[in-house]
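Residue numbering begins at 1 within each chain, and the chains themselves are lettered A, B, C and D in the order written.
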Amino acid sequence: MKRIQDFSVIDTLWLNSSSYILILKSETSIEKIDPGNFAEIKIPDAADIFLRRPISVYDVDHEKKEISFYIKAIGKGTSKLGSLLPGSKVNIVYPLGNSYTPVKNKNALIVGGGSGIAPFKLLGEQLRGLGSKVTYLFGARTSEEIVLTDVFSKLGKFNCTTEDGSLGEKGLVTSHSIFKNIKYFDIVYTCGPDPMMKAIAKIAENNNIRCEASLENMMACGIGVCLCCVTPTIRGNAVVCSEGPVFQSTDLKW
Amino acid sequence: MVDLQVDIAGLKLKNPVTTASGTFGFGEEFVDFIDLDKLGGIFVKGLTIKSREGNDYPRMAETPSGMLNAVGLQNKGVDYFIDSIYPRIKHWDTEIFPNINGSVIDDYIAVAEKLNEVKGINGIELNISCPNVKEGGMAFGVSCPSAIAVTKAVRKAYDKTLIVKLSPNVTDIAEIAKGVEGAGADSVSLVNTLLGMAIDAKTKKPLLSTITGGLSGPAIKPIALRMVWQVYNAVKIPIVGMGGIMNGNDAIEFMLAGSTAIQVGTANFIDPQVSEKIVDEIEQYCISNGISKVTDLIGGLITE
Amino acid sequence: MVDLQVDIAGLKLKNPVTTASGTFGFGEEFVDFIDLDKLGGIFVKGLTIKSREGNDYPRMAETPSGMLNAVGLQNKGVDYFIDSIYPRIKHWDTEIFPNINGSVIDDYIAVAEKLNEVKGINGIELNISCPNVKEGGMAFGVSCPSAIAVTKAVRKAYDKTLIVKLSPNVTDIAEIAKGVEGAGADSVSLVNTLLGMAIDAKTKKPLLSTITGGLSGPAIKPIALRMVWQVYNAVKIPIVGMGGIMNGNDAIEFMLAGSTAIQVGTANFIDPQVSEKIVDEIEQYCISNGISKVTDLIGGLITE
Amino acid sequence: MKRIQDFSVIDTLWLNSSSYILILKSETSIEKIDPGNFAEIKIPDAADIFLRRPISVYDVDHEKKEISFYIKAIGKGTSKLGSLLPGSKVNIVYPLGNSYTPVKNKNALIVGGGSGIAPFKLLGEQLRGLGSKVTYLFGARTSEEIVLTDVFSKLGKFNCTTEDGSLGEKGLVTSHSIFKNIKYFDIVYTCGPDPMMKAIAKIAENNNIRCEASLENMMACGIGVCLCCVTPTIRGNAVVCSEGPVFQSTDLKW
């Protein structure tokens, strides 16, 4: 069930100069959250922000009543959230959207870039729990942008590319050598910049591998009522926040 | 106990709080957040005779204390609404108002005729003010003769409560309100969005695929309030007021300016519980101010 | 070095940044904060033929991302300006534009004739859009024939640069812009304030003594930007754009939409240094984007 | 000279449930401030505040580079300022407006109510420095609202009224017994709610004593350019923020 709920900031853990984990705690229990679900976060005390901001759930701890987000500070709202002091109140509407399709006892490739790695801790945990083998491939410009490797390495094999070659293979994520053995994988999950996701989807489709992509369209409501966040699909315009954000790549007309 | 009931040309709403078309889906999207039975009414997403895909993405831009949208009436057509959606939502104990749109008068008539036959639907909102598509009829809403023509035509096709939704993108909204009153409207609702535009200085491109779009939210509240006041001083039919209402106080202001009922729009995106909260806040205001009937607020602005 | 100079119908401004009438006094109030010589121009407080006390207090209400004002053209009359104020401010190396107002065409003509004789004043802004008083001429600004009539009359009386300030409270601002272009305006400036209203729910009273007033500030930016774009696509004369400009980015957006110069208004109340900052920010934007002449920005919106 | 300047919050000292002293510190020197001058304060991190807020200067310490304000939390902006944490940045435009006329070797009565006591620490200090004798008379509803008595008692004789009689004389400030000896005073300074100031001015005028009142009209710019803050005077509408806020009572048509 969707809910609007008040949380307090426990901490903002900055991972590098532009991204951080925002940890929130509630007094009451937290709803069930599936990998790929997101929240609409109200930015507190912000002078020129009107709408909520959609952010994927990075982690949840039902016992501690904590929920956390992996956020890249790219503008007003994401910067503001990263500057909140412990104790600040944050109101969120969640869980929103659909989720990645879980697979049992399969080989899964998870490809992320930018803030698009956010849903992949929960997804990795879920897939492992179902007996699937997880391989991560994250792309970034430099090693500084490759974060949380300890977290992801525990959940699966961790690979990465950097454009400057400072970590992992040098180049774009799509040129990683792993794609030579793409047939090894039963499914590809991706989230990140559109061009990256399109390229990954193309590789998967060419090899007849199911690919699920999570879109980050501009949103106003996050609950499927304003129809601002649409993306064209083979079945007409789909509403990303409620029919997505996760789509099977072959459904998308992008 | 405060009597919260209001009357839109004979149609009774349990309270003055309704939700604005295009900002509340078909209501069912909000059941996790509020009790829909608490609302005076729900104006559902704009309908056209045929299904429409709407405009291209991007359709939205945040602006200071507001937002622009260029949705363009994406909907599955009036038949789909009647056959597949309405049966799902009709059990709620609140008035459901379809919002009807067309690019030519015959389209409006066709939609109105179909809705006229639907039992349980007691009123429609005739949208002659959507700035985002030809089919939204802003062309009708910005000229008095055409507003009158479409209202007259729909009036003939529709027997129940007819609310005409006015455009704020005009020189003299009171004149148009008087026109549609004369043409048989039971009520006017205002305002629809103001035509606006946003540009990304970095890319030098518009932020909407359609270049211009409709501005809503608190930014437009002073303009909307002024228009309600002007229309209140010009017509006798009840007014459904809206434009940037975010809380009970805003709603009270619209009633003082002359609204019989109000619509909550963009605020639903910020707080999906806001419509129900506004019902409570209006009641609370009445209690604090010793007002026993909410209708006493209508047009109650003290100007001298 | 970026060439920041712009040209309003032959009148050269050292850069596109000017300040809006009624928000910058006579400039001298800002000397503690900025170097007035850095500005492209200053549009001084609205003048009328006779001195005026303006409207009663209260004249101001804060609104979401904006404010309403109902000042009502308080000023000491054009003669006082020419004799006592202009001599005090004429030494600044920036263009001083008086903003002229009247309730009948003859008043406008009288003010324009007097200013025509003042050496050093190279242009005036003809205000046909003040929503707060009859003398502000909004009646002229909201109808095309009357806008044309007053422009023609003032054109005859005034030889130098004539900028006509348009009202946003109209259905079709492009039509009116075309009208005044045809009537001899050298340039149009837009927008003036939007007619709005604010109510105090507690007291049930309007927050302004005049009930309605003029809305300015970032709240109106999307509407103003859209109007500039519409006018840019309709006329050939240069546009002076304004409405909610708070920083360099906003100014760039107005230029991309078609403004040759811009006016900074309400922002001066929030940051008395903002106008000079905007000059710097525009220059910085040009440098970052490899633009050598600021005029390349005018109407540079990429729509496909 | 007027200036726009950044300050950091040193502290917010709450005096009772609704009023506090806001202490700000600057890195650079502070301009000369006269009693009655005010500042236009930009409210930081406030979601729905657009304009600055005019607040009289309560105190200034040029050596420490500190300026402080006595503020009553009556709405959004004044509440927000009172909740700022030490270190928060606050931008102010100051010093604005005219000031009370100083008098030498005279007997001065200072009558304040509500937030209108703010300018009277600086005024009391100035008058004492000029050899004048200061008598304070502050009015409030209850004793809880009578604050800073230690500060004012050091500068002059301190009197007060409360409506409930919990401190000082019971009743409105205008009914205080001091007015029986009003002729003793050479000048009356007042600041507070309009009705109070009008009543005080009337008493002073009836006794041919000069009375100066500081008005708190709604302001947008604070620097005399918007003409929103006017008050009618015998010379026509006066601009309160630049020709005032202090006016000789006989000039006002209120």
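Keep in mind that, in the parts below, a residue touches a chain if its C-beta (ideal position, glycine included) is under 8 Å from a C-beta of that chain, and two chains touch if they have at least 3 such contacts.
Note that this is a predicted model, so its numbers are computed, not measured.
Chemist: Starting at chain A, what is the smallest number of hops through touching chains needed to reach chain D?
Modeler: Shortest path length, in steps: 1.
Chemist: Shortest hop count from chain B to chain D along touching chains?
Modeler: Between chain B and chain D, the shortest chain-hopping route counts 2.
Chemist: So, what's the distance in Å between the C-alpha centres of chain C and chain B?
Modeler: So the centroids are 34 Å from each other.
Chemist: Need the CA-centroid distance for the pair chain A / chain C, whole Å please.
Modeler: 47
Chemist: I'd like the Å distance between the centres of chain C and chain D, where a centre is the mean of that chain's Cα atoms.
Modeler: From the centre of chain C to the centre of chain D is 36 Å.
Chemist: Residues of chain D that touch two or more other chains: which are they?
Modeler: Only 48-49 qualify.
Chemist: Of all residues in chain C, which are in touch with two or more distinct other chains?
Modeler: Those would be 63-66, 217-218.
Chemist: Drawing the touching chains as a network, do you get a line, a ring, a star, a complete graph or other?
Modeler: The chain contacts form a single closed ring, each chain touching exactly two others.
Chemist: Return all touching chain pairs.
Modeler: All chain pairs meeting the touch criterion are A-B, A-D, B-C, C-D.
Chemist: Touching chain B in the complex: which residues of chain C?
Modeler: 63-66, 68, 142-143, 169-172, 194-199, 201, 203-206, 211-212, 215, 217-223, 225-226, 229, 244, 249, 252-253, 256-257, 285, 300-303
Chemist: Can you list the chain D residues touching chain C in their complex?
Modeler: 1-4, 42, 48-52, 93, 217-232, 236-237, 242
Chemist: Within their complex, state which residues of chain A touch chain D.
Modeler: 44-47, 49, 85
Chemist: Which positions of chain C touch chain D when the two form their complex?
Modeler: 22-25, 29-30, 32-33, 45, 53-54, 57-67, 69, 71, 74, 217-218, 266, 268-273
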